[in-house]
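When the chains are written out, they are named A, B, C and D in that same order, and each has its own residue count from 1.
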């Protein structure tokens, strides 16, 4: 039985971690922290948990947290994570960090998109936690940098093509849309129900969204050369889900059949990636609350462009689900343990 | 291991049964039927299931279904259920019927609200499957009539008061609202997204909704005298959830504290009823996807009326969750088995 | 041509006033104020207005505002309104106050539900601005207290019955539900999209909502005796609309036909009240963006209770639409001027 | 005063035409037809209209319709339109056709994407009704082919660039998303609330959506050479609105400032196109219920791609609003007459 702490438990990714771990047979959640709500029961913040998880939220005192847990999930804003992760590592704890702090291997890049990095030493030890392309490295990692939601949907969508050199790596356009949980639980006018409901918009257009360097880092590694992408995020009037529609120029002629075959092979044996049969297309509805990533690659035979559509739950495979998958890997547990839940539909 | 069939699997209650049973450690789903979609895989209808449950939907041939299953859930429209349930019972199968066909103990009443009853013989053997008030009878039942969604929320909301004679049984007004899954999955203009979205309305006002006699039957039994209720359903622009706000005149003075204490005691030990502490109120959000019923009783001290607010997921405790709870009871399994899932929020 | 100022223009009722007045042929909007956003163009806050209304928001300096306008709408929180209204009145301006400050004729009652009243002198001069029951008094008023949204839907729903003495005035239960615009535009966690979406809950249960004394004041006047009501508000996962389902005990036998006839007569000639024919029921969808109140009275013949269902747009007839209707009345303009817009559906 | 008929009035575009024309000072709606609901009042189908427009729906008998109207809007499915339009034209009526039947100038192309064209003779006379690029031709037209919703958003987004030769015409990718009203009002499972709500998906991916040839026809004319586009539509969980995010390769270096300047000039004087200032981006929320098209062009300076974001209401500028704009033009009325309504927000 693993003792697990969730640092930053009063946000949506924290809640989703608790929801998943509650049904994980090898985990006991022993410690939850929240700066804003310390002293309250987590079930006062999230009444879904009432009677099932009524732990009292604690202040974030790293040493005390470490005393209570073998594995620590840090579900904090960027910067806040790298202020505490070093302590957890020093005390020998296994850390799964859901922030952006350890995702970019180059501290210069981190500095350019976020702010000066405080902990480059551990950055070197961190493993980017996308199991489908890094499983073997994750196995031995003490610090897993859990991927961002948009990057997960885009990297999984492109990995087979880039790995095989089947597209021009400089032709990639990723057009993505996310549910509002992606904006977190902070009180701001832009996230009010009446501001978001019944509307749809692009934001961070033109290469300014912070997930851009993360996407480029991983795609460059897959391609074997440095590439840049055009990435446009959009905000959807719904709670959960990310759908990415990705465009690329093939480097040689292909067909939808051949593409599906390629993806089927690449993801064969993967428990959480479903390559859809021809004629089907992903919807965020079909992965909501699950750890699945559904993918459809196809060719626009008129213009010759390859189009890949991928869908995840941004709180599932895009955050907390994937974090538990990473925990299972680093702890030597069956990778799907606790993640068997089917999507909730409708 | 129980072999389980779901008759009428291509509706929303059918899907919810599959979703729940997929994680039930003592159940194997062996047979799914659908008149409209026979021959297709269930995962073509509901892509959430892809790769996890890909059974082919069969025509409803009762004898063949019975050969494959120990327990049969009938998730059919009324009338269609009582056309096949007798065969299942004759063949010695355990039946959990989610339709209205075996809920009203008096076939005359059924005839008045629905149509002539085809199977009064089995009606006598059926047990109304609300575990919190009928657990001991459910234990030995071969045929469980799974309660309606509105009735579940209202009966659980009033049981402690009626049982103790604390309200005037003729003063009850139940004002309820349901998500759109309650209207089923049939293609009709009234259930189109654009007809329902961003709107709220009452329907079946004035004592004409078919859940009325079911509510009255059970409340009358609890009160020990025949009573009638004013019941007004409303349609909410959301997928899942029922909230009932119930009004009644107390038969003697009381306080909110006393009411909560009474409810706490009445539901003490119940795994799926949560009586909320003073100051909290139920929301459908907090039970979505779970088998919980959250309840708050209180007094309007200015007008002296008692108000009870109760919330369930209409597909959970209001249908498929409760059906699995009943299956656990009749089959001698732990009552919460397979139903441990926490609500999905957001 | 009337020069009009809107004080507190950066909230939803402010925006709705601008939207309506923009098409009013006898109005020029000359001044908008906002404490938080002074110096910005209103069209930066609400890009719907871009190119049509680009006024710069001003600080609330009452004398300067009064210089620019003949009619002043105060769309401020309670207390803030009564801090500036006296100045406007002293300077001879016509005021339509959308806050709660001048709705309760008894300053003691105001004090009990809000806080000590700062301006009892003008309270005496204020007229409660529900045209259907106060038109003649509104005509000569310098200060109109624009009714609350819930009260509008409930008072219009009950006026014909109370006026005729057809119900027991002590039997009234009003069960209402509102869209989220009713909660305003302030940044708070409770109004975040993900907290509200796909959920439904009661709030302020048990006679504690501040609209209660307003409802009781007006219903008491109609009934000719002091009465109290049980009023339960609920929060709907949608932007606009209030639906009230109201229950009362008839004082003598009646029928749905007779009730509709009564309502038809009572509201005959009213441009914004639609009594629906038997068999139809109101929906908030059918009044969204309009100034209509749709009403259906009926009898539950089984229990003998009268049920009235009424629907308005909380920003329309429940706030800004009604405010413009009041302006038309006090300024001697045709009552429907600028309010001809049909509901936006879907 | 123009007498106007709406053929196919019981769909959403029909309703939106009525809503707009109701406030048009020079129009009297004299005839509404509906095959399914003939004999009913339009206000029974759409209770928003009750008391304002209670016309009885008629069967579609072209000669009788023509007797009652000077201008006829055909809001029919494709094929049904070209079965009646010839009669209207023969009788000298002005026709605004909202179907696809007269949009593609080449009957071969129509045949390839739809079915054999029945009326190529009138096809030659039809003018594609996008005022911003065809105003002068629309003026004299007897038959206006009102543009599709997706094409409107995309053509307006690209016209300034193609006209000036500033992009590679073979590099265009249009990624669009539409609200559910775009799917019409027919009863089908795919459009049910619970199937659509809280989900997002692509459909018609890979160059198979029927708006593709319409987009290509108009963009080719603007570019002065034949081009093809990659067009991907998506379905949004909301009622109204289309947002298109369009990607293209510049043919020479440029800046966001220069692009906005170009667009400002191109659309200068246009009453319904708003080019947003730098730093702002369109949202469907800001055009809902209006006839505006909001546009932001910008450059992704990292990858050098041009991105244009455009937003319309699919029922407004994407259908009925634009149809009324066309009517105003062909009838010599002020172009904005009846279209002054500001967007409804929230």
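By our rule, contacts are C-beta pairs under 8 Å (C-beta built on N, C-alpha and C of every residue); 3 or more make two chains touch, one makes a residue touch a chain.
All values derive from a computational prediction rather than experimental measurement.
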Tell me which of B-D and B-C has more C-beta pairs in contact. B-C
Taking each chain's centre as the mean of its CA atoms, the one lying farthest from the centre of chain A is chain C
Between chain B and chain D, what is the separation of their C-alpha centroids in Å? 46
Rounded to the nearest Å, the gap between Cα centres of chain C and chain D is 36
Could you tell me the distance, in whole angstrom, between the mean C-alpha positions of chain B and chain C? 38
Residue numbers of chain C (touch at least two other chains): 12, 181, 194-195, 197-198, 237-240, 283, 285-286, 288, 346
Within the complex, which stretch of chain C touches chain A? 12, 180-181, 185, 187-189, 191-198, 237-239
Touching chain D in the complex: which residues of chain C? 12, 15, 18-19, 22-23, 46-53, 181, 198, 239-240, 274, 276, 280, 283, 285-290, 294, 340-346
Chain C partner, complex, touching residues on chain B are 173, 175, 177, 194-195, 197-203, 205-207, 212, 228-230, 232, 234, 236-241, 243, 245, 247, 256, 281-286, 288, 296, 298-303, 305, 307, 309, 311, 346
